[in-house]
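Below you'll find the structure I mean.
So that you can tell them apart, the chains are marked A, B, C and D in the order they are listed, and the count of residues begins at 1 in each.
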Amino acid sequence: MNTEVEKNIATNVQFLSAGEAIKKIPERATIMVGGFGITGIPQFLLEALIDETDVQDLTIISNNINKDTNLYPLFKQNRIKKAIGTYFTTNKEVVQAHREGRIEIELLPQGSFSEAIRLGGSGIPAFYTPTSAGTDLAINKETRIFNGREHVLEYSLFADVSLIKAYKADKAGNLIYRKSARNFNPIMAMAADLTIVEVEEIVEIGELNPESIVTPFAFVDIVVQKGEM
Amino acid sequence: MTHSVKQYIAWRCAQELKSGIVNLGIGIPTLVADYLSRGSVTIHSENGILGVGPEPSPEEFDIDLVNAGKQPITVLPHTSYFDSSLSFAMMRGGHLDATVIGALQVSEKGDIASWAIPGKDILGVGGAMDLAIGAKRVIAAMTHLTPKGDPKILPQCTYPLTAKKRVDTIVTEHAVFKFYQEKLWLVELNDDVSFEKLKEMTPASYEIAKDLKRVQGRHTFIG
Amino acid sequence: MNTEVEKNIATNVQFLSAGEAIKKIPERATIMVGGFGITGIPQFLLEALIDETDVQDLTIISNNINKDTNLYPLFKQNRIKKAIGTYFTTNKEVVQAHREGRIEIELLPQGSFSEAIRLGGSGIPAFYTPTSAGTDLAINKETRIFNGREHVLEYSLFADVSLIKAYKADKAGNLIYRKSARNFNPIMAMAADLTIVEVEEIVEIGELNPESIVTPFAFVDIVVQKGEM
Amino acid sequence: MTHSVKQYIAWRCAQELKSGIVNLGIGIPTLVADYLSRGSVTIHSENGILGVGPEPSPEEFDIDLVNAGKQPITVLPHTSYFDSSLSFAMMRGGHLDATVIGALQVSEKGDIASWAIPGKDILGVGGAMDLAIGAKRVIAAMTHLTPKGDPKILPQCTYPLTAKKRVDTIVTEHAVFKFYQEKLWLVELNDDVSFEKLKEMTPASYEIAKDLKRVQGRHTFIG
């Protein structure tokens, strides 16, 4: 069945080297970076971003800035103007830089952060959540009562570029992840004008189980094979 | 409306789609699939499929495999399945390159009416509004006139709207219009109608594109 | 590794017959019913609901009321007071009943409907969507401008009971679906106080790939093996 | 704070958890896992795992498999993985039976402060607020007093709140309190402290439950 079609499947997903891919990031871009701690971080793409580009004044949307990831040298080079995430206290230098006004930080509860990303990628610009109502993180935010309970209006997040890490891509651009390295990666894939994915392995079309594809290729623009600088 | 009118419109819509992801609505748009290069254009179905294949043979029929029109389908090697919320996230979030929707009316501002008729019960909308809102390009596929001979491309829609200012391209059996810089442009006219005749059938204000194409229309089309 | 633990895995998911499960549905319940057309409908649970209970005045949250599903006899028995969904025009009797005031209908665009369900199950009570802005479906709804574009405030959906159809459950209650029978089922599983699932097959714990489980058992209350009335 | 105080509190929290799904916060709550029946209680980790297993041996270590505290873990045969938004949907949507969170202060109204200290930079919150808002039961695990000897169970919190009116149970090394009908009740008191001594250490208003248990406390606990 469908053999003629099957031979000719081609999507708009591009397969590039890290250097080629990363040069598409504009100056002053807002960039989502997947990963949680050191797990599921697109280390190779970040390395290319650091080594192969001079982009400055970046806004980074990522859970935290871990010392053992390539977000750290990017921070050390003062290329991050603003960070949006959930947990920056473990990196004392980030805390210090914030105190000295060298980096702007926007802190969100992790559930509000992750939903803001997913809904940003889903065309929903704002939502009400009970999380943080009545706390310091709701200061200056709109609130509203639903079902007798106070809720906070949160705005969704959308970026110029998402840099994510997946386990495998097929040649159409469909993605699967590995264990808890999934974390923010699938939702960040949805929430940017340009989604660049670093993968361990590129497989033939048909090798991924269609029931198990986590990120359909509709959300993917560029796939980079890890190691191909 | 003859079979070949529908098929000509579908074929002409398919000429707009050379690559990327497209969602095809019910009616004429369903026929577009027959004229697409289904390898380079991927079909999205809002019930949760990216990569719809051709109709199944009877022995391939699978009750768990239908498209948004609830018709049995097949899938392709790059197909994926997902739940309805992700499917509409894909649509509303701007991740589809185009949609072809059947339209009842399109206004000169790009408003589209496709789901309801005044005075009738408003009890069904499906995915039409999300498609019109979300797809990067909205191609309205319709006959130029109603069966009664009333025009459909109007200064403003008189039927309930599906979405405001979202149509990118109108394809009828006589002409192709595109929206550009908040104006409607005639970009293609079949040689079976004159400019005057078209004007008569098209109360909306439109400009004539400098590079307007006059083409042999459906009377030469082998559908 | 972990062999002691592995032997003793037990979750709070119950495995019951359809009759036992369905008796937990209260009078005047709001019930979500998965499926799209005839695909992915929990036909067996609906059959039990019709045959084994007398519950009346139900609010049904389901995409449509298809003549070839067991939602239709439920409707014919006048047990559906209200239906919330996206497409009721194909069933002329429903249209007629609505005209005669025998059934209340709330119509939502399918994307708003599906996101309202997912967010209802996610603790988010309301969200803004561009879909339906400026149309008759936005009449009497709050609107607000975001990014220069009009958006409609939609309220999330949450039910007393969800009746869903899955392909396989493991004995912990994790679920996978089959092809396009997935549709609304995974999100409805999230969005009810009591989620009852009809499955083709119950497999041992460990037989489902942990990367491919679509509905983790946290969203499931009762699993019914199809055929066990 | 001695090792065994922490472990006693963790053990006592574990006694509250006989089945269902629980999320364990950072600090003392992490230790709760050691005392749980991990077969009948399933551990959720907010980075996207349902079914966290014990710590790995060095040869089992996998960089792609960590918990919310970023510690390496193993998984169990009923484990599933999902993205962060589904993980927090699970939490905020009320699908977790309980959470154990470390607390800095708890008020007599059930408010909890656990994530920030006045005058210090507010730069980290993680999943604490969503956990406190979403879990069906919020168990606050903490020492009864601060290292300086200040009380933590107060008429109202003086530290920045994590959530209002969400605590269900407080477990310290001396006592267990529960919230019931908008009041705080002392339900268990270790025999190492008198009622007077407890009152002195606990400025919050509380009632004494009719079925109060006096128990042998941590001096008999083999941690």
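In this text, a residue touches a chain if its C-beta (ideal position, glycine included) is under 8 Å from a C-beta of that chain, and two chains touch if they have at least 3 such contacts.
These figures come from a predicted structure and were not determined experimentally.
Two chain pairs, A-D and C-D, are weighed by contacting C-beta pairs, with A-D ahead. One inter-chain figure worth recording: chain B and chain C are separated by 30 Å, centre to centre, where each centre is the mean of the chain's CA atoms. Counting partner chains per residue, chain A shows two or more touched chains at residues 115, 118, 122-124, 129-130, 177-179, 211. Counting partner chains per residue, chain D shows two or more touched chains at residues 75, 81-82, 85, 88-89, 91-92, 133-134. The touch graph of these protein chains has some other shape, matching none of line, ring, star or complete. All chain pairs that count as touching, in label order, are A-B, A-C, A-D, B-C, C-D. Against chain A, the residues of chain B that register as touching in their complex are 19-21, 37-40, 42, 44, 50-51, 53-54, 57, 60, 74-82, 85-86, 88-97, 133-134.
The part of chain B that touches chain C in the complex is made up of residues 45-49, 62-67, 70, 75, 81-85, 87-89, 91-92, 116, 121-130, 133-134, 160-164. On the side of chain A, the complex with chain C involves touching residues 115, 119, 122-130, 146-147, 151, 155, 176-179, 209, 211-212. Those residues of chain C that touch chain B in the shared complex are 36-40, 64, 86-90, 94-95, 98-99, 105, 107-112, 114-115, 117-118, 129-137, 177-187, 214.
Every residue of chain A that touches chain B in the complex is listed here, in rising order: 1-2, 4-12, 118, 121-124, 170, 172, 174, 190-191, 205-206, 210-211, 213, 216-219.
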